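Order of writing sets the labels: A, B and C. Residues in every chain begin at 1.
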Amino acid sequence: MPLYQIHHRVPLSQDQQDQLATSITKIHTERFTTPSLFVNVTFTDISSQPTYVAGKRTTGNRILAHVRHGPSRSQEDYNALCSSIEDAWYETVADTYRLHTIFILGDIVAGYEYGMAIPPAGQDREWLRENIEVFRQRARDEGEPFVGLMRELEERVDFRAIL
Amino acid sequence: MPLYQIHHRVPLSQDQQDQLATSITKIHTERFTTPSLFVNVTFTDISSQPTYVAGKRTTGNRILAHVRHGPSRSQEDYNALCSSIEDAWYETVADTYRLHTIFILGDIVAGYEYGMAIPPAGQDREWLRENIEVFRQRARDEGEPFVGLMRELEERVDFRAIL
Amino acid sequence: MPLYQIHHRVPLSQDQQDQLATSITKIHTERFTTPSLFVNVTFTDISSQPTYVAGKRTTGNRILAHVRHGPSRSQEDYNALCSSIEDAWYETVADTYRLHTIFILGDIVAGYEYGMAIPPAGQDREWLRENIEVFRQRARDEGEPFVGLMRELEERVDFRAIL
């Protein structure tokens, strides 16, 4: 349900993109108990986009994270999220290329993914429980990615109460 | 007042774009009593944008809808909005090209359109009533698009109380 | 902490971009007591992006402003912000090129800039006061842009109580 938009000025190889997408997905799913299948990450090269800070042309990379916001998510959650994402950046990218900004945009108030209405922040577990038969059926009918979703729900300790 | 951003990976002809823009405009104006003149829709080709789901490269199209959020708009409103938009997508685009995500971003807290401050969610009718003489004058002075706005206000039953 | 995204259809020279970025930075910092160093402005050429209003293809330029929203910021603040930004646009760009929309997106709920967690809306002064030794140290160690930040904090009347 989140959408992470990586705006990078430094070139990123596919390996680096794979690694960053995997890290960010892991960070988000562990903090907010969201299945990986609903974590979206995109990469946009902004090397030709004029960017200013304090009215002066600058360089620097940027991550915008669209998330669902609600009382279940504290300022501490978000700060820890940013800190982990920053670590993931510098583990992946040479640290001469700084990550200038991370903005957590608490703007998703509703949505559809895979043709299904997504729940408000903090209600993922209930929503998964209510829709478990739908996911099971789609795993049988469509195979991936729902087979992977069912496997994750079975394997992760924090999801075990759902099945 | 909304801004619908269609991020499409599948090529869309101008006819398809016209049709989608028209459908989405109609869906939004009917649900939220917003005049068509204030419904903005953009198309961005993301076929070269790396996108990940569950840490794996994927394809799929996406719609981000920036709207004004407020107590007048319920989760049911947004889910019905998403459902109608999804229908419009599959009526326009071959259904082998799936619409992976629709995100309703309830992020617009203020703004200017055509040089005028826009109202909070749920107050469009009052705002139109208060500014009706401005729109009438602009229709006389500037012609389109305000002539079209006045015609819509006259013709639509849900706006009739305004004039 | 804000991120202003200028989506322009009309070509803008670097001089015009410099001028707009400087004006918007000044407008934002004066209204919300945010140091210039945390005002981000980007320019994106949308001349090839199909855009619709009322279901019809249109032209026109657009500014999206991601800001932190909170009770310290009123509708009047945002409307005055939009009005000043509109003035800055027409002072910089020939007025045949209209600024069709400005949307204030009150979506930033948290974030990192320069590796530091940013405060909620309305708490910038307290945050600056708490971190003043960090900034002083970084000005000594890293030079710019933190030297500029310290100079701004010393020179601006509205920041004087902080040092």
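Operating definition for what follows: a residue touches a chain if its C-beta (ideal position, glycine included) is under 8 Å from a C-beta of that chain, and two chains touch if they have at least 3 such contacts.
None of these values were measured; they are calculated from a predicted model.
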{"item": "Turning angle required so that chain A lies on chain C, C-alpha fit (0 to 180°, nearest 5)", "value": "120"}
{"item": "Chain B against chain A, contact positions shared by both copies (same if over half, else different)", "value": "different"}
{"item": "Averaged-CA centre spacing for the pair chain B and chain A, given as whole angstrom", "value": "26"}
{"item": "Set of chain A residues in contact with two or more other chains", "value": "105, 107"}
{"item": "Chain C to chain A touching residues, read off their complex", "value": "3, 14, 17-18, 21-22, 25-26, 35-44, 66, 105, 107-115, 117, 120, 145, 148"}
{"item": "Chain A partner contacts - residues on chain B that touch it in the complex", "value": "46, 49-57, 62, 64, 67, 69, 75, 78-79, 81-83, 85-86, 99-107"}
